[in-house]
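You will see two complexes here that share chain A, one where it goes with chain B and one where it goes with chain C.
Moving on, here comes the complex of A and B:
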């Protein structure tokens, strides 16, 4: 009787969240999948024309799509490696309770609370080719040969964008990992200390294995964040995702197809592809990581 | 106790659900109140025009607050508010670079402002065809004096009409002419004179470059800057009719007459005419560099006269003008220019039958009528699509006179090269490709091919 009553209460409390999710997430998702089989120019009142899989075929035949996938790959690999390793390293340092820990906790977390658009604009000014802080500094310290067009030079521009994204979110994952590290029983560290283990041994034999679950969750979160990154790239490239599509990412291409090309059908098809890709990647990473965690 | 807890839980859930429904209902609230207004006023649209009923009118131009054209717009809006005290204007104007995205989003969500600027052409063709724009033919026919004030051809330009969509979809508002602003002091210092041909321009640019000045600054990061250069070069190389030939697919972008022009841009780039890394310079920086005397010349429109020659400009007294040079071996296209009917004003079809319609009509006539356009001419912001009797009086600026003279002696003119194209993404793609060419990511042949690929992709 009591469990039946509890169940009803649980449903009642879950209902608002479920309704919000259904209206604002599930319904648009289903509608996007539906639209991916139609040709529509996005104007209210205009006719939808059923085209079957033509939208998907067009996407797969588009050179820019494959460039965006390549960029996404670079974004994921470089983004995950940079965010996770730096966050873990910073979290470990903060866990040592050194002098100034509180100050650094706030400093590392600050970019997370700032608007991504505002931060992007700030970096755009810092990296300006002619009058940006970075090139000016490099020139003044005699390293002018390193100065370059950071946001338009094809050899570095996308990597710069990835690193800026990592810079923004490192603080967030640092705090998550810090919470995990400080929850590790102190006795483990004491016993390792008594056995003469150094810092590296402590990190790789104790801290890392015991934090693997949380690191796994962080990797999944970073992946999700990268899959939907749009505002940062949009602002840094002044909305062009270029020059000439060089910084194009799948979400940017969805925007281009839908709002510039007036091809909402193709935009929806691309959204469906990105959704399937995101779910698959997250699932694979999550299970792989948790398999490793269980083995540990 | 348990029953009280259950009751509280239920009330909390109901409150959250109702508030969510209220939020989704809000999006319809405006529409439903508009519908109610439509219903209640549908029988009274013919009633007296001096209504005291409060009316909200949404208005948008593509000028940011800092743009000199905005000053003229503010003057006219103030006048309109005094003449129609019951009308509140919600001014949603924004800078040109953001305006295109804003316009697209509003078209997609059927939330166009009541009176708004646009450039006609392929960008809004879909919206016109879907009935989002009000046909202004009736307004023109009911106001013959206003109609007859327009210059011949202005009302049938490609910015306000479509061959296959009968109707008047916009009021001509702004004609633009492109040309070169140049720094007379720098030219004198280096010992050069304004070039007449492209070949002369290269010689002048070399001398400017040797003196340590950026010869011809281009904000290539903003694609429209280099796309304008491509368009202007195309008209000098092929005549302004090339735009229609490309749109009708009689000519392809990968054909020699287009690729040759991309090669000209490549050559200018490689010679350093545009300065180092032009693809990393945006339009704001371009203007900044010219205003601070770091560059010899800047290819722009007459609308920017006030920026460079206004009281706040540090080089106001040193600014001169010359027309876009022509190719020595193509003298027949010497007076083919990039220019013409540019921005127009349109009315959203959503006002039809509402109490906003008459005020939208009044506002559009205010801005695109003789008196309104005079305000813009006073600040050298545009070449008007109407014959102004006091044009000589209003145009005191020598450079503005020279721009106008270029326009008047043009043998052919067109705006952006993709003006007639039915593929709505062609303008953005052309700009992206031009920036890619400037940034050495594409060769001339690849640039042409990319544009043809875009056409092919959008055929499906």
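Moving on, here comes the complex of A and C:
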């Protein structure tokens, strides 16, 4: 097709997407960075005062900020490890195509499509200190001493939150890894079988290395998901992010600074920090993982 | 390959056991919630694990009559369906030109969109709220729809472009030889062939919009305009002691997605697996 004639149409087809994206996503991104350098108290058109890097300094001096970073670290490590190992394991089991695999597939993926808000509320009720399912169950089977305030006890609450996030999303990554494992040629399994390799050997020497690419993609996706996880933590902590900020996370702090404490400048500064963090983490993971895959 | 003989050696049993364990971990909380929604408060607190002493639908009735959750459901429905319609139209048009044509600024445009994949929505909540203030977008379902569409664009353009690239050139070429115009090629040839991809992405887009919380929380301030996710939060605050009632609200919130999922899960799963493994 003659490209010159078509150029007008090409632009026509691209225009809605470009406009929508530029106005409502890109421009806000730039504005967020811009606002980081100002002190500003409200959307109601209050004064904008240039303060240079003061917002950033305030953020870095804020104890809650460091708490949120620490929580993010826990979230990432525990989240990635739990999701990737369990998903891989489940994907392997599903790849064996035992009877009933289809039922398992449909079931495992189910939590992924449900509203995170609804699911969080459900877990909040289950983990309730006095009337929740979990504590009542533990007490009934004689393990009452394990019962605790799962969502407010500082020693376990954030871990519980991370595990709920994993519970929701494991099915998603299981399906992705399953597609990968299924695509491994049967001949590899057959030849390993003939060489007398046991199942564990097959998994660790064949399936795992061959799936490293996809595992890498999943790690990046899990990271992106965790960086953005707001709904879950918000609902589980009833909007407070834990007694005394113990469950605070960076995106939660952005929300708090911007909409609760009216410190928009700081909120924007934190947004900028989070954006940079997100992009660098993605870049680092992308290169580390895909270098390793190339070496394989 | 399914093994025709079901060998019941102990490894198979262990594998089934593990699969069943995860099934229980996944399903039990959900089933518990559904069962609890059919109990009275007394029944639930005295009989936490059992089936309802008497099945009652009062919790559900209350949701629609007293609390008027029906309105929230309609709001969510409007926003979600409009987002899907708008999204698929705009993304497939953009993906079409990005996938099938070569022009100077193409790579730039692709990278331009990709940038949006990396940005968490929370980073831009404030500026978006500012725009909302200026265009009177608060409490506007239309504005929310537009925002949802804009933010999902990078993702769907990315996947659709990848998919459309795989359509054989011959189809386009023969259509052109037969005299098809630019628009005809798109509407009568490329789109029909992309239906599987568009279908599964439509479902995902619907779910994203239906389940979204933060923007709806910030932008929809009036009870009458709230979507289901935000309404759920309000109930959690107001009826915090009424567990069966909350269970009913949770069930009502997820039922549409569950129904769509059960009916169309093959499409959904295919879409995700294909996108990630190829992409």
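Operating definition for what follows: the second predicted complex is superposed on the first by the 275 of 296 C-alpha atoms of A that agree within 3 Å, B and C clash if a C-alpha of one lies under 4 Å from a C-alpha of the other, contacts with A are read in each partner's own complex, and residues count from 1 in each chain.
In this text, a residue touches a chain if its C-beta (ideal position, glycine included) is under 8 Å from a C-beta of that chain, and two chains touch if they have at least 3 such contacts.
Being a predicted model, the structure only gives us computed values, none of them experimental.
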| item | value |
| --- | --- |
| Which superposed partner A:97 touches (first chain B, second chain C, both, neither) | second |
| Touching partner for A:245 - first (chain B), second (chain C), both, neither | first |
| Broader residue contact with chain A after superposition on the shared chain, chain B or chain C | C |
| Partner chain(s) touched by A:63 [first = chain B, second = chain C, both, neither] | first |
| Partner chain in contact with A:259 - chain B first, chain C second, else both or neither | both |
| Partner chain(s) touched by A:85 [first = chain B, second = chain C, both, neither] | neither |
| Partner chain(s) touched by A:54 [first = chain B, second = chain C, both, neither] | first |
| Partner chain(s) touched by A:149 [first = chain B, second = chain C, both, neither] | first |
| Contacts of A:16 with chain B and chain C, given as first, second, both or neither | both |
| Residues of chain A that lie at the interface with chain B and also at the interface with chain C | 9, 13, 16, 20, 23, 43, 131, 238-239, 258-259, 264 |
| Chain B - residues contacting chain A, complex | 2, 6, 9-10, 13, 16-17, 20, 24, 97, 101, 104-105, 107-110, 126-127, 129-132, 220-223, 277, 279-282, 285, 289, 423-425, 428, 431-433, 435-439, 441-442, 450, 453, 457-458, 460 |
| List of chain A residues in touch with chain C within their complex | 1, 3, 6-7, 9-10, 13-14, 16-18, 20-21, 23-29, 31-32, 35, 43, 86, 89-90, 93-94, 96-100, 104-111, 113-119, 121-126, 131, 133, 136-137, 167, 171-172, 175-176, 178-180, 183, 186, 199, 214, 217-218, 221, 224, 227-228, 230-231, 234-235, 238-239, 251, 254-255, 258-259, 264, 267-268, 271-272, 274-275, 278-279, 282 |
| Contacting residues of chain A [partner chain B, same complex] | 5, 9, 12-13, 15-16, 19-20, 23, 41-46, 54, 57-58, 61-63, 128-131, 149, 151-154, 238-240, 242-246, 256, 258-264 |
| In the complex, chain C residues that touch chain A | 1-2, 6, 11-12, 15-16, 18-19, 22-23, 25-27, 29-30, 32-33, 45, 48-49, 89-91, 93-94, 96-98, 101-103, 109, 112-113, 115-116, 118-131, 133, 146-147, 149-151, 153-154, 157, 172, 176, 182-183, 186, 207, 210-211, 213-214, 218, 228-229, 232-233, 236-237, 243, 246-247, 249-250, 253-254, 257-258, 260-262, 265, 268-269, 272-274, 276-277, 279 |
